[in-house]
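I have a structure I would like to understand better, so I am pasting it below and will then ask my questions one at a time.
Think of it as A, B, C and D in the order they're written, each chain with its own count starting at 1.
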Amino acid sequence: MPVQMKGKILANKKINATDYKLVLSVPEIVEETNPGQFLHVKCGTGLEPLLRRPLSVHRYNDETGELVILYRVFGKGTEILAKRQSGEEIDVMGPIGNGFDLNNLKEKIMVLGGGIGAAPLMALIDELVGLEKEVTVLIGANQKEELFCQSRLEELPVNLKVATTDGSYGYPGYVTGLLAEELETSDYDQIFACGPTPMLIAMEPIIADKDIEVQLSLEERMGCGTGACLSCVCKVKVENEEGFEYKKVCTDGPVFKADEVILNG
Amino acid sequence: MPVQMKGKILANKKINATDYKLVLSVPEIVEETNPGQFLHVKCGTGLEPLLRRPLSVHRYNDETGELVILYRVFGKGTEILAKRQSGEEIDVMGPIGNGFDLNNLKEKIMVLGGGIGAAPLMALIDELVGLEKEVTVLIGANQKEELFCQSRLEELPVNLKVATTDGSYGYPGYVTGLLAEELETSDYDQIFACGPTPMLIAMEPIIADKDIEVQLSLEERMGCGTGACLSCVCKVKVENEEGFEYKKVCTDGPVFKADEVILNG
Amino acid sequence: MDNINLNVELNGLELQNPIMTASGTFGFGEEYKDYVDLNRLGGVMVKGTTIKPKAGNPTPRIAETPGGVLNAIGLQNPGVDHFINVILPKIRDYNFKTIVNISGNTAEEYKELTTKLNEAEGVAALEVNISCPNVKKGGLAFGTEPKMAASVVEAVKENTDLPIITKLSPNVTDITEIAEAVEEAGTDIISLINTLIGMKIDIETQQPILANTIGGLSGPAIRPVAVRMVYQVAQSVDIPLIGMGGIMNSRDVIEFLLAGASAIAVGTANFINPGVTMEIIDELEEYLVENGYDSVQELVGLGHR
Amino acid sequence: MDNINLNVELNGLELQNPIMTASGTFGFGEEYKDYVDLNRLGGVMVKGTTIKPKAGNPTPRIAETPGGVLNAIGLQNPGVDHFINVILPKIRDYNFKTIVNISGNTAEEYKELTTKLNEAEGVAALEVNISCPNVKKGGLAFGTEPKMAASVVEAVKENTDLPIITKLSPNVTDITEIAEAVEEAGTDIISLINTLIGMKIDIETQQPILANTIGGLSGPAIRPVAVRMVYQVAQSVDIPLIGMGGIMNSRDVIEFLLAGASAIAVGTANFINPGVTMEIIDELEEYLVENGYDSVQELVGLGHR
């Protein structure tokens, strides 16, 4: 069950030109957290920005009660967040959402992330590695400098492949290009993916005719983060007049099965 | 002529339970400043508070370009101001207003201040002392701890008298009580006064039948600080139907002759 | 503190305290059960309910503005039957009063909603949302015209003994005119304000941010308009008012009480601070004690000079 | 940058750029001469002017709200004769266009103001403020009723060849109805929005903060309402619009242009940042260059899908 609490900021550091790493002490939240869930964060303390910002759990540690968020400075909310100092308290709600469904883990698993969207996958990878699963990790970024946790991933027993849009490292191009290449040579049973909506849309034709269970973590603008306001909805296929119903990304998601959601409608 | 500029914060220190001393490097403003003028200060950088806050010049130094403000933490604006750090830049407009009229300085001069309202009098006292005037200074505060610059004033060749409302030091009671006592025993030609409106109102009967030129520095809620918005007005006696017209505290004042303003109407 | 009376009675609607949550901002209550002790709330005004389920608008449905939030949810809701059969049984045992916010396109639809809800167990009052477009009158909202507003209230009143709250739209020239019309038509209580109509354009895409183009503005930005309208309506009708619009904390609640509201509802603030209603109830109690009041009602309307 | 055309032509009113200052927030221009290069402004809409001098309201006249400012100045001004004889000669040689905002209690008063200003040298246009209460119609503002609004515009139009700007109040049910009425009555330009009516109660004194009880809400808080109204009016009339309401920077200016305004006015932002208009002009020019536009006009109305 999620809680609202004042977390202590243990660190809030710039890790590259655009991204920050926020370390919080939030034992009550960590206790309940699973990979793929997010926190709803009051970035500042005043009227600007008014609403909270959803930020995924990048990693967490059950023993220390520490939780890490990676975030990109985008607009008003993340700009103000970047100014917060360690030692300060920050108002957070979490853990929110369902996270990845790990109940039916398959054999050949791929974890795929693009841009800052790759952030929440680290907790998932930690979990899968802990379960001694064979995991291939595909990570995309604009440039080498923006790749997260590369050194950490290289130490883990995972099959790591990297794409950069500017070609500065690994596969030159989008991570979805790397995905297509990868699926030509290897078979997968299960993919966990996280990234910007255009990336998720670009995945669709590539995985369309394959028999892979794909879980996608979606993003949508949020109000409440509790399932009350209905602002964060996405379309889920159902057999009714319209052919869909709206589900809430915050509490019904943020992870959905690729074959149940309609991404570009 | 006033300017808008980014001043550098050289210091912003708590001096007692409620008050702060803000030291700015604003040479362009200092060049033009006279005692009794004020700055219009953007306390924070965001939407809260939206408007600037008028704060008087406490002291200034022509040679260093430094300017000192004493302020009491009152509400949103001054709370945010108290959080500003030295080294930061702060958006200020100034010097604004007419300040004290020192063109016809008399012989026996009194300077009278109550509470944080006493702050702007220091620059005036410095000026009068520089002109080798004989000056009596009456200062009131709630308690001993809130008296400003007492030690500095004690060093100056002025006749210093103090009142505290809680009786913890000097005359026990309001500074206006001290004023009444003082006028019983001594004659004055000229009084410069600054303080909360109730103090200025309490002065009226005490000075009513005496032939003293009294200059009052007024306070009113402000918008623009340029004379454009007409929010900061006070009533000035004129011979028309209403018996008054509104003048602007920001640019027509903040200093007015006691016999021309209507304070409680 | 046991002498303090937070109880309020609004023309037939009794609340254990005057703190409610505004329709559309608190779901059906249970969405907030992890953050709030729901049993302590005076009332929950549930999400706007229609005869048939409604899918709502495409996304984006929400945008931020200075001190405010724009929303265009489009009344997404599971329909009144689902509400009565599935949701109501889950929430009716809480101590809060369940107030059902109803929306229709015709007076007939309001009547039908009323009839259905009148028989359901656990509904404390109906809140008639007259900001919805009247399909018969070319989409002009019921709440913008006194006669249309009255016709809806009458349709509801004739079909229930439940207390009726009529929720006014602020997007009108003279809110007192509408207030007087719905009082005359028999509403027991008036709630106000609904959202102001606003919009925002994204200068990158050069298009309106909300998929629906326009949306409803809520949050602290609109509080001065809400307080003014409560103040004006308090002078023009004799029935109790429920004030809302930009309430963020207990100080704002007191402002609405002084303006003439007998109870209030918290909307957008729930998103920002899910525990806000609990803080408000505690602080309101403290305020009354510290200032020597025996009951909330003593504050109501004191701001009128 | 010399290819960029900031020039705009609004149905007879030519401006060197679309950036003006809103009535009541910039005095008569000279109040800002220490902070602004007045010669660079497109236009200055001067403080609301009446036939006789007006003392205005008691203080407090101003209060802050979340993202907004409430004011109740009460139209303090020295009267139209003083304006023409004393003020106009001091400002008419600046490069900005002087637009005189006029206010009356009867159509007759508007006519008289027009006749006087029509003969004055240095007036570029009249801005007809129809938010003032009509004394004949029991204080209902001219701007809230299409027929009354039209009658004022006609009274002005018949007595001048100057371009007429009619300034709309946002405190109406349907702003397009008023806009269409004043277009029909012959206004050359529409400016919008004036302030929303709001109030604030001080919970310490338990009384309204403004001496006048209610006041006009301006500033960023109202921007979404202003943008929505500009967008709606742009769809319903064919004459140019001057947009205002909460503009704080060049991004906000672009938002109003996209919504359909051909020029804009900056109000409350002058109080917060007296140099704001200069920053806006510079940034607007940069924006146009960077995005390959040849003139401001290319942006107008692009936000309509």
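Please note the rule applied: contacts are C-beta pairs under 8 Å (C-beta built on N, C-alpha and C of every residue); 3 or more make two chains touch, one makes a residue touch a chain.
The structure presented is a predicted model; accordingly, all values stated were derived computationally and were not measured.
**Q** Farthest from chain D by Cα centre, which chain is it? Let me know.
**A** Most distant chain from chain D: A.
**Q** What is the distance in Å between the mean C-alpha positions of chain A and chain D?
**A** Going by mean C-alpha positions, chain A sits 47 Å from chain D.
**Q** Starting from the mean Cα coordinates of chain C and chain D, work out the distance between those two points in Å.
**A** Centre-to-centre distance between chain C and chain D: 34 Å.
**Q** So which bits of chain D are touching at least two other chains?
**A** Expected reply: 66-68, 219-220.
**Q** Please set out, as single numbers or ranges, the residues of chain B touching at least two other chains.
**A** 47-48
**Q** If each protein chain is taken as a node and each touching pair as an edge, is the resulting graph a line, ring, star, complete or other?
**A** Drawn as a graph, the chains make one closed cycle, so a ring.
**Q** Under the stated touch criterion, can you name all the chain pairs that qualify?
**A** A-B, A-C, B-D, C-D
**Q** For the complex, which residues does chain C have touching chain D?
**A** Listed in rising order, the residues are 65-68, 70, 144-145, 171-174, 196-201, 203, 206-208, 213-214, 217, 219-225, 227-228, 231, 246, 251, 254-255, 258-259, 302-303, 305.
**Q** Across the complex, what residues on chain A touch chain B?
**A** Touching chain B: residues 46-48 of chain A.
**Q** Which positions of chain A touch chain C when the two form their complex?
**A** 1-4, 42, 47-52, 91, 93, 220-234, 242, 244-246, 251
**Q** Going by the contact rule set out above, which residues of chain D touch chain B in the complex?
**A** Residue positions touching the partner: 24-27, 31-32, 34-35, 47, 55-56, 59-64, 66-69, 71, 73, 76, 219-220, 268, 270-275.
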